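Both of the next two complexes hold chain A, though its partner changes from chain B to chain C.
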Partner chain A sequence: MMVERMEMLITLLGGISTLAVFSFLIKENAFYRLFEHIFIGISAGIGLVVSIKSFIWPKLFAPLLGLDIVTYPDGTFSKSYEPATLLYLIPMLFGTLFYFIYSKRHSWLAKLVIGFALGASGGAAFKGFFNEMMPQLFGTFKPLLVFSGHQIDWFESFSNCVFIFTLLSVMYYFFFSIRSESRTLGRVGVAGRWLMMVSFGAFFGSTIMARMALLVERLQFLLDDWSAAVAALFRIWL
Partner chain B sequence: MSGAIDRRIIFLLVLLALSTPLIMKYSIKPARMASADKFYAVIDKLQPRKGGVAFVALDFGPNTKAENLYQAQVTIEHLMRKRVPFAVFSLYVLAEPFLVSVPQEAANRLMAEFPGERWEYGKDWVNLGYFPGGFLTVQAIPKTNNLVEHFKKDARGNNLKDLPAFADARTLKDILFLGEFTGLTGMFDNYVQFFTSADYKPPFGHGCTSITIPEAYIYMDSGQLDGLLEGIAGAAWYSERLTQAFPARAKDSAEMVNTGLGVAHLVIIFLVVIGNVLAFRSGRSQAGSRA
Partner chain C sequence: MSLRRRLIQIVTFLGGIYFFLEWLLPEDLNGFKFGAYHEQITNGFVAVGAMAIGLGLFNLLSVHGSVLIFKRRGWINSAALLVSLLLMTLVTALDWRATAGNSERSGKLFELRDFATKIEADFKAQRSGVPQWTQRNLALKNALQAELERLDEELRTLDFSAIGTASAAYGLILSDQTELQKKLPEARALMRELPLEETATPDFGVNARVAGITGELAVLYGDLLNRAYEFSAIKLVYRLLYDGLFVALGSAMFSLLGFYIASAAYRAFRLKSFESGLMLGAALLVMLGQIPFGLWIWSGLPDVRLWILEVPNSGAFRAIKFGAALAGLVLAFRMWLSIESESFSSQEQP
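Moving on to the complex of A and B:
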């Protein structure tokens, strides 16, 4: 019963919050502002709590302090303490040097951490770039004539031709080092710009689609869950 | 003339268009999505084996649950129907409640459909929880020689070696499938870049929000993705495929939401056309009066 009441309360609050945010569509108002600030506060707070609860405590402090070792009724332990976990202290202490950024005299210590983080991220990004981009580069090597058995697959062939033309014309549009005076090449650049416009149109259309999907989900929540919670609340009062 | 329309009237029209199918509980069959078909085929081909486990990354929160949640639901349901054990985890802090609710709801749904059968936590799926660290977490997975020792415990604090779904998982080659659902910029890149080794890449299915569809197609074209669920439309078609394969399956909300979305698109197209016609006529009449 208590759990059901709590769920009903959460649903009611969720509906009120949704309506508060939607009230901005009518005009800027204090109701909207209040819930906007609540939302920002909760978003910041929940990240910290979940990080501590799901990661920092169970995976760092509990093993470090030996608090993940269970003592059984017969006096034996679920496992022995691993001294190697003490090594966690080294990166932890190194990481805390970041807070020296607030000290004018010792801010160079924070730069050590920042430098390490930048170096590590840069190295990983370098590897990641090749893992991500090389298959895409190879993916652009498409045959202009595609055969299906002994027959030409006209649709695939046309599709590949459009692909290659788009690729080359867009690349030419962004090729600023040497500009040719040729009118034909100039038209290729213009075609590249137009093809990009088509692509931006697709992005814009899909953005609208995503926003509408968010609205549908909220409407579904209001019409199904929230209206049921409001009805239940009235039943309790009456 | 067109500028005289109060924007609140447009909001109201869109609101009415979206809510009508939801109130009437009306849905139409979704359009076929080729990329979603490929996603379906990848999971349909999976065969459970000793040590084999699928990884499902639910990297979404309430902000994109409108699309990613339905995608994750149908994927997890399909894995459960195939009896392929899987591990859910996330690199996004706000995803934590979904790591618990999505597999459990899918299990409840299947147990209602098949009264004699059971889908249980630990045996059919495990929740590895939320991991901070982004790409650092992902790139460590292909390097490990023992996935159980690498992750050690699940989100509930159980030892993974005691959970049959994960107990025999050792290396990247034991990961039968990787499914990732997100609407966050850069999140998906972590997996494309680092969830691979020199000699093995698990089949990779991605569920994206509508905004990122044009970008995600690039990865389909290059073969880095084996399947793609494009927004709610992809989830709705996947749901339809599941219903075709399992006729006794209870209907879910994906198709109804997709119908609402379709109606909203029609309203927007109508408004764009009307707006342009009115602007064109207004321009012509102004030109006429100047002449």
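Moving on to the complex of A and C:
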């Protein structure tokens, strides 16, 4: 019984939260602002614990304190303590420099650690770029003539030609540094702009459908689950 | 250039040098493996960032705490934020503690399973500094016996009727409980067969079977505990906050954009030029290709939608992505060498 009541309460609260957010469509109001603040508080609370639970504890503190070592019934251990894990204390101590950001006199110390983080992301960007872009670059070299057995697959060949022409013409459109007076190249640039418009339209259409799917889900929740929970609540009262 | 500024630039450079070299250098450098401790080093980098976790919390507490203390405009909202923050932190932490406790309870059996296989592995590897295999088997037998007795006692005293005897979850829990009770005698029988006599060529077949049944018991026990935990008071309060507020508010916020995107679509899709016509046509085909109404108009529309998304859309976005990624790489390089962030490394306040 208690579980059922709790489920009903969850649904009721979900409906009130949804209505609070939708009330923004009329105008910004106190009801919306209250739930907006609650959302920020809840998100920050979850984020804090989840980051400790999923990273800081298992990757840093548990190996540091040797809590990931199992003692077997005969007194032996699953693994020996790795003293090198104590080295984690160095980056952890260095990371505490972030908090000097609140000091007017020593704020430059916070810049050290922020700079370190910026440098690390800059260094990691090289690997990220080549790991992400190279497979895409190789994947771009599609055959212009596709064979299916001994016959030409005209549709696949046409699709590949359109793909490569789109890619090259859009790239050409963005090469502002190389401008040619050639009318043919000028037309390639225009074609690139048109194909980009097709692409933006397709992207916009997909985005609208994704948002609409979320909206429909919320409206279905309000009409089916929430209205049933409200009716059940009235039945309990009456 | 001041010393502080130079120091910031050096530290920025040092921050990026490992990842740059890890990417640049070959895996094996005349026997020296540069990325041998990659995971540990990456964890160290993340540890630096992880220390900043309190910054956001500190900012939220100081900004909203001062609004609340001095009762400035909107203090009720700040109070709601702080209460929800503290409540969610507390409930999520309690949920973590409870799930960790459940894992620990079923984890004892997993430890014994690992120990049963480790005895054989250590014997074959002739590991020194460990007791004789017969003593280890005896220790395993005693520990397993104690654990099975504890489990048997727990299974006899557990009462899940508060969940509601008519619910599907109750049925699943009972099924887990019955399955566990069935497996207990089998595990006890196998445990008694563990060899304890010293022989030159010991047979570890029983150890493997003990490990197998102990692993099965651990999985079943873990499932039972997790299913029962779903109906505990902490989990229900957690779900009230998570499903009732976090999920509902998040979905509603994103779906709210559906309304705004509809009004943006009206402005974007007005047929003013040939280019806007292309955009309108592509968007219409993609939208119609995704809904049953489009299929009703023409059965080929989903294929047209897919072709637009996979061919021209993919080609155009790949071209844009190439340009953006190249620009990102140049920016990263400038950032790493402190060319981009002159004002950052200067003496001004961040």
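Going forward, the second predicted complex is superposed on the first by the 193 of 238 C-alpha atoms of A that agree within 3 Å, B and C clash if a C-alpha of one lies under 4 Å from a C-alpha of the other, contacts with A are read in each partner's own complex, and residues count from 1 in each chain.
By our rule, a contact is a pair of C-beta atoms (placed from the backbone, for glycine too) under 8 Å apart; a residue touches a chain by one contact, two chains touch by 3 or more.
Computed from a predicted structure; not experimentally measured.
Of the two partner chains placed by superposition, chain B and chain C are both touched by A:V50. Legend: residue contacts after superposition of the two complexes on their common chain; A:L86 is shown touching neither chain B nor chain C. When the two structures are aligned on the shared chain, A:L144 is found in touch with neither chain B nor chain C. Of the two partner chains, neither chain B nor chain C is touched by A:L65. Of the two partner chains placed around the shared chain by superposition, chain B is the only one that A:I26 touches, whereas chain C remains out of contact. Once the two complexes are laid over each other on the shared chain, residue contacts for A:Q220 go to chain B alone; chain C is not touched. Which of chain B and chain C touches more residues of chain A is settled by the count: it is C.
In the superposed pair of complexes, A:F39 makes contact with chain C only, with no contact to chain B.
In the superposition on chain A, contact is made by A:I101 with chain C only, not with chain B. Once the two complexes are overlaid on the shared chain, A:I152 sits clear of chain B and of chain C alike. Shared contact residues on chain A (touching chain B in one structure, chain C in the other): 25, 43, 46-47, 50-51, 55, 124, 127, 129, 132, 136, 199, 202-203, 206-209, 212, 214-215, 217-218. Per the touch definition, chain A reaches chain B in the complex via residues 25-26, 43, 46-47, 50-51, 54-55, 58, 124, 127-129, 131-132, 135-136, 138-139, 199, 202-203, 206-210, 212-220, 223-224. Contacts from chain B toward chain A in the complex involve residues 8, 11, 14-15, 18-19, 22-23, 63-67, 93-94, 96, 129-132, 135-136, 139, 153, 155, 157, 183, 189, 192-194, 196, 209-214, 218-219, 221-224, 231-232, 253, 257, 260-261, 264-265, 268.
Those residues of chain A lying in contact with chain C across their complex are 1-4, 6, 9-15, 17-18, 20-22, 24-25, 33-53, 55-56, 59-60, 70, 72-76, 78, 84, 87-88, 90-92, 94-96, 98-99, 101-102, 104, 107-108, 110-127, 129-130, 132-133, 136-137, 140, 159, 162-168, 170-171, 174, 192-209, 211-212, 214-215, 217-218, 221.
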